[in-house]
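Two complexes are shown next, each including subunit A; its partner changes from subunit B in the first to subunit C in the second.
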Partner chain A sequence: MSRTTDILVVGSGMAGLAAAIVARSQGKRVALLSRGCGSLNIGSGCVDVLGYIDGRAVAGNPLDALDALPPRHPYRLVGREGVETALGLLREVCARRDAPLNAAATGNRRVPTILGTLKPTWLTLPSFQAERLETAETVLVAGIRGLKDSHPALVTAQLRRYPHPARIRWHETHLENPMPGAHRNLSPLDIARLVETAEGAAWLISGLHKALRATPADLVLLPPVCGLCGTTWKGLAAAVPVPLVEMAALPPGVGGLRLYTALLEELRSLGVDMIENARAVAAECDGGSCRALVAETACGSRRFEARAFVMATGGFMGGGFQSSPGEAREAVFGLPVLQADGAPLPQRPEDWSDKDIFGSHAFASAGVMVNADMQPLRADGAPALNNVFFAGRSVGGYDFAAEKSGNGVAVATAWRAALSACAQC
Partner chain B sequence: MSIHHPTPDACIACTACVVNCPVARATPNYLGPRLVGPAYERFRLLGLGEEASLHYCSNCKNCDISCPHGVQVSAINMTARAEYCLAHKPALRDWVLGHGELLARLLRPLPAGLKNFGMLNPLTRRALDRIGISARAPMPAFAPERFRDRLAKTYQGMQPRKVALFPGCFIDIYDPGTGFDLVWALNRAGYEVIIPKEFSCCGLPMIANGFRKDAEKNAKRNLRALQRMRAEGIPVISSCPSCVLMHNQDVPEFFPELVRDGRPQVLDAQAFLLDCVERGELSLTPENEVAERIIYHAPCHLRAQGGGLPGYELLRLLPGLRVDNADAGCCGISGSYGFKKEKYDVAMTVGAPLFDKVRRSGADLSCSECGTCRIQLVHGANRPSLHPVSLLRRVLEKRA
Partner chain C sequence: MKQTSVVIIGGGATGIGILRDLSMRGVDAVLLERGGLAHGTSSRFHGLLHSGARYAVGDPESARECIEENFIMRRIGKQCVEETEGFFAALPEDDPAFAARWVAACREAGIAAEAVDPEEARRLEPRLSPRVREVYRVPDSCVDGFRLVWHNALSARRYGGEALTYHEVSAIRTEQGRVVGVEARNRMTGETVNIACDYVVNAAGSWSGVVARMAGLDVCVSPDKGTLIVFNHRFTSRVVNRLHKSSDGDIFVPHGSVTIFGTTSTPTDDPADSAPTSEDVVRLLDIGEPLFPDLRSYRILRAFAGTRPLYTPSNASGRAASRNFHIVDHMDEGLRGMASIFGGKLTTYRLMAERMSDLVCRRLGVTTPCRTAEEPIIPDPSPETLERAARSFPAHGVKLVADRLGDAFAEVVGNTAGEADNGMLCECEMVTAAEIEYVARDPDTHSLHDVRLRTRLGMGTCQGTFCTLRAAAALAERHVDFALSPGRDVQNFLQERWRGLRPALWDTQLKESELSRAVYLATLNLDGACREQNN
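Up next is the complex of A and B:
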């Protein structure tokens, strides 16, 4: 296949989807090439912007804290205004597609997880409005029988250790198993899908009413089972007398699927061409520009031509980087994967990680060095390619796990990379 | 028979396949692709028996499409089924569903009217239902004459180029009309269509029903012709996405020893037509105003090929047609899966979002490359359904 598109976006995680939407909205013909469905659709769907800097929690609006980051951090390259615009566009799309995202007035939300930790995040769906815990005195943590990883006693025991909600009186309850004959352990997704049906919604509502009669509370914390679309959530929230707050869960985390579905619907309605199950493995370059990518598919190698390329292929986990002892390279163009300060990764692979699991790992912030247009850079600082732009985890200089900045950086860099790609064609 | 096992090691248990598996969504009785596939493979390799819900896998390949790590989940499941069926003889029903082409060959002397009366009357349907072929499932009717036999008698004009067509059982036995629509388009682009005599069922229904040995036999026959075509420089195409995927991906995966001299290459016929358009061999100037609204359904086995949606692209190039992509997932039928009595409801639940989308679309007809997807679309959404090449002909052919 050799039909040329304007912009080829590679990757179907948050960065790839966001870049394709931005580029298509600029009127360009866009194709999205993907191998696998990324990790957005299995995650919590919380859009972390910045939770921690050097291990210290960010207070207030995280956008106000971006200037404290090092100058090569992707947020500094995009700039505060750019980050705000990008997040604003994401919110617009998601609101239109029945998956509205909003932020708390005072700062990061601390969303309880199903393991009883608090996860700082910025934009969430309305079901994760954890600030409601601040005014609650009695909280009922609901588990569901048959649901795996559902242990209300673990959640309350863990949450009691945090100073902030310490005055809360915690109670636990278990809702009945809604699918008792199932051959498998239920996941939150199984129950969320069930709750999309009338019988499923009735089961949840009556179960919560019954639990609240037995144990009156100001708020119910429950796994992310409140359906898949915003309308279902609204119906549930209106049918239960106290606020409901969902906990972030292990994959499949349901919240991410709600966002993923919204973004895919937008892509469809905009008319982005989707090429699934194709893994980009090589590039055809001509001097400083790329003509085509070569992808491995079930039916052999295929070429995909475009005028500009946005690479949102992920890092070590996503397949965007390939590593061998003493070296890591970006998988398609063979660009060097460098540490946050621009230095190569250490010779010995054991030095790529820190002994402390929560420490600062070289591998975690290593990536492709880019300029403010998201163009990959050569060692001398000049762009390596003029029509290729990187976004998301493949960009170096940040540690999304330690900072809690994954989806925020993905959206911000995708927006910038897509606009830069549009300027090329 | 030594069975090659695809490796499960790249699986990190991320659950992407679980989220995207249409069967796991439809029934909690299926453990899901991650657990039945890569996770259970470890027990299988230790000789610890089979997971009870393996039979639920429909081989639709949405697990493979969604896996971020390149695990061939469906191949693991189909390999497990092959081994299970070596130890436990599959039911007569599964043999029947896996050997549609052989059955058609046996019934060939009978006129189509008699065959269809014989197969489709309520009494036979009840008898078939008793062996496990659902009486509620839509059964396709035999065509009066096999496509390849009719094509052999058809004058195609003097064409400067040749292309070999792998017709696939559906077109060959049930739907020659679609085959002739494709031949019409290829003749118009300057290609004479030939069908090498060795071409037989690609083997996918055999794999899906546990008859690995039979699939291997067919693969050998087909490979002989594919190698000859390659030697003669004649491209081979198929308009059936499942056949294309079987030849290109599954045959090398399941029978690596058969393809040591090179992997078979069967091209998607719609992608081939698009290339004809690009090379200037095929003009898309319309002869007829066909102001129809069409809703397109992408077969899962087409999405799994990694070449995008060439049939949809072709439709969008046709002036006058208004084509929307339903993009509502699997139709549920998965070849022979939805015909099975105990799977019929699962298949209909899987297809429900698609049927709903088609019904609400306001489209006059639906369109899809896969023959059994079209049967299921007609059955579930109550609208006629055509192959993209048939629409192409409707728009481009000068009517007398």
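Up next is the complex of A and C:
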């Protein structure tokens, strides 16, 4: 038994969801095959575009800095105009779905984190509007009893170490544990879900009022617990007398889940066929084109035919690549996973990485080599397959973690790959 | 100038065992260790408490010492020992004549080696190869080297013994052919410490050659590097040895929530050579696969290496060198007041300490007998303390915490009395905030890395991805400061874990590393912050 569609998108991270939306918006029949819930759910939901190039912070609009990247970088392949268009489309969709994304006026936002660091990012939900810190004089950092990943003392101890916001007076407070009977570790997601209820919202609002009465401040920093939908955020922001800013936190990623939910709603309303819990394992190829993918599903092995395919299967973490000592391959087509410069990964596993954990690692920017259409390339530079396109972390040539460019590259390459796929059918 | 009777150099199991032994006999002693306690070989082995069976054929004397000490350890150090028993398993390709010789040698050494039907063995250890031809049960066990050393240190402290960590010996002072003192540098403060003493014990293990040279002595110690792999889970409930002539990669040891597999044997010039290589890891997997056919599909947590301090006066090296220990009284070379102990293994650390302490006592004219084989290292916690602990610690973690903390358990339990929230910060190893705070406040603790060594924080499945940040946060909340900022301390901690991951960076290990980067770099920008923040 097999199913047929115009475009089959594989993967439900930022790249997969974005590609499915773009392809469907072009009027194609689209199916989205996903194995799990994608890596958006472990992140902050901030759309990083470009924070650093070789360890140097990008100043001003990061889109203006893309030309300084190496020619094989995915941003260079998509081009500035394409990146801007792709981000614009994402903003339209998210605004429609009550998860508006916007940028600061002058450049990257420096979003505070529960580790007391500042993370440069470009588009964020309104709860992460970190530039408000720039005008604050007194900041109250709130923790929540029972939430073990978030301690105000660490946040203030670390934020004080930045030369820039040194003038800020930092204060700490703890809100009472809203779920003392849970008898388990709470995550920000538990609390965000609670805050979606009237009772939970009331707990948060009254807790913040009480804390601000005790310690007046211009702004409150808190873990990402302000609900899961835009309406809840608006209600909270209106009910507290000073601006609230959420901090990026460990997984589960509440901010990421908000974006994931918004994009999923859009896909449903567009009528994209969603096949969940299915792991693409093999491809049926005929000469230079792919006819179908075979996936392991809850009801056994299934074939999925399409006229074009967008592979947004992720890298090593997402399962898009498989590796053994000294060797890595893309998991479905068996394409080689190459270093950023197109060279094969070294034979010795030690040489895949730098001695310094924060150094430059060969594996971190390794991936499938693609052309400007996002078609995978053979060693001689010719497309390996004409109707298959890659997007997101599976594309080589960038290091999402060091550059802070993950969701930006995902959206840009997804847009390009989806349009290329549409042109095939 | 500090004054004592005996200075012991080396804070591994042997040195700390000597400190305890001498302190119990009422001899004043100070121990100097260049790193943290047990930072050398005592924490870099497979954690096997030998029954002696492995040495029965090749080294019957070691075998007899092992079986005797094995049972003493179960009695005096039960908090450090998990009584798992062990299997020796032979495959069809292993020489049956060797097995027969081995059975006889075990009997000769007094080691119970009882034949187990291979089918029954497979029922008990289902991951074992169906090809096993012959299986024997022996009294092998598992021992936690870190904990053993710490418990000995606590016990020595109770008797007045003092251990100075991060103190590196810079000179051994002699006058007219006699040792008069030791000079050391405090590596944390840079200060020089002078200690006048009557006797110096060199128990520096792989470093003992370096130490002996400071006194102008030349000794034959050859560091020999052994690499081991830590797997993510316990795929065997017992120690499993390959029944053949001792060789590389033939011991599997379950340890807490993980399995340790090793080792290799490669001569090295550098006693600090603890860098495992991917070649070693791949070779170990090749060797281990016949006994555990699914070995390659298990997630590797990390690889690590240590150096054995082999005593090689006859120029033997590697597996041909004796695993036995040797005490050298340097009086024979014309230097009075100094002795060195070489070789040996963790299983016999107590016996080694006893023999060395006997010599020291003879030279100092002390006649008090050794009591270390009778007195438990750590007293049992009272039932009241255990009951109180159950209120603030997770029920399944109480025994673990009591065993880890030893003497300090009652105090930590007392500290949690007023706490609303004694959070479990490390789920893999059941480490709570109260325990981390207690250990962090110890003057011997200088970093999260030191906290790890004593609590096992970050040594389980997540390898620090989640618990490191939590621990840093809990310490900030409790106002425990280290020399480094919390951010840099977290970085150093992750860096140390990274060292063990790099030689096994493929498959699931690589997957986890990309997740760790997603969290610490992409979401938390720790790399950027380390560049941008002041310490």
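As a convention for this text, the second predicted complex is superposed on the first by the 424 of 425 C-alpha atoms of A that agree within 3 Å, B and C clash if a C-alpha of one lies under 4 Å from a C-alpha of the other, contacts with A are read in each partner's own complex, and residues count from 1 in each chain.
Throughout what follows, a contact is a pair of C-beta atoms (placed from the backbone, for glycine too) under 8 Å apart; a residue touches a chain by one contact, two chains touch by 3 or more.
Because the structure is a prediction, the values reported are computed rather than measured.
In the superposed pair of complexes, A:Q424 makes contact with neither subunit B nor subunit C.
In the superposition on chain A, contact of A:T124 is made with neither subunit B nor subunit C.
Set against each other, subunit B and subunit C differ in how many residues of subunit A they touch, and the higher count belongs to C. Legend: residue contacts after superposition of the two complexes on their common chain; A:D190 is shown touching subunit B, with no touch to subunit C.
Contact with subunit C, but none with subunit B, is seen for A:P163 once the two complexes are overlaid on the shared chain. In the overlay built on the shared chain, the residue A:S39 is in contact with subunit B and with subunit C.
Of the two partner chains, subunit C is the only one that A:W352 touches; subunit B does not reach it. In the superposed model, A:R145 makes contact with subunit C only, not with subunit B.
Of the two partner chains placed around the shared chain by superposition, subunit B and subunit C are both touched by A:P251.
Residue contacts after overlaying the shared chain place A:A182 against subunit B, while subunit C stays out of touching range. Overlap of the subunit B and subunit C contact sets on subunit A: residues 39, 42, 251, 317, 319. Those residues of subunit C that touch subunit A in the complex are listed here as 277-278, 281-282, 420-421, 423-425, 427, 466, 469-470, 472-474, 476-477, 479, 485-487, 490-491, 494-495, 498-499, 502-507, 510-511, 513-515, 517-519, 521-535.
Those residues of subunit A that touch subunit C in the complex are listed here as 39, 42-44, 48, 51-52, 55, 57, 113-120, 145-146, 148-154, 157-158, 161-163, 177, 185, 248-251, 253, 315-317, 319, 322-328, 348-350, 352-353, 355-358, 363-364, 400-402, 404, 406.
Residues 1-3, 31, 35-39, 41-42, 179, 181-184, 186-187, 189-190, 193, 251-252, 257, 264, 268, 273-279, 295-300, 302, 314, 317-319 of subunit A are the ones that touch subunit B when the two sit in their complex. Residue ranges of subunit B in contact with subunit A, taken from their complex: 12, 14-16, 18-20, 25, 28-32, 35, 52-53, 64-70, 244-245, 248-249, 263, 265, 267-268, 271, 274-275, 278, 303-310, 313, 325, 327.
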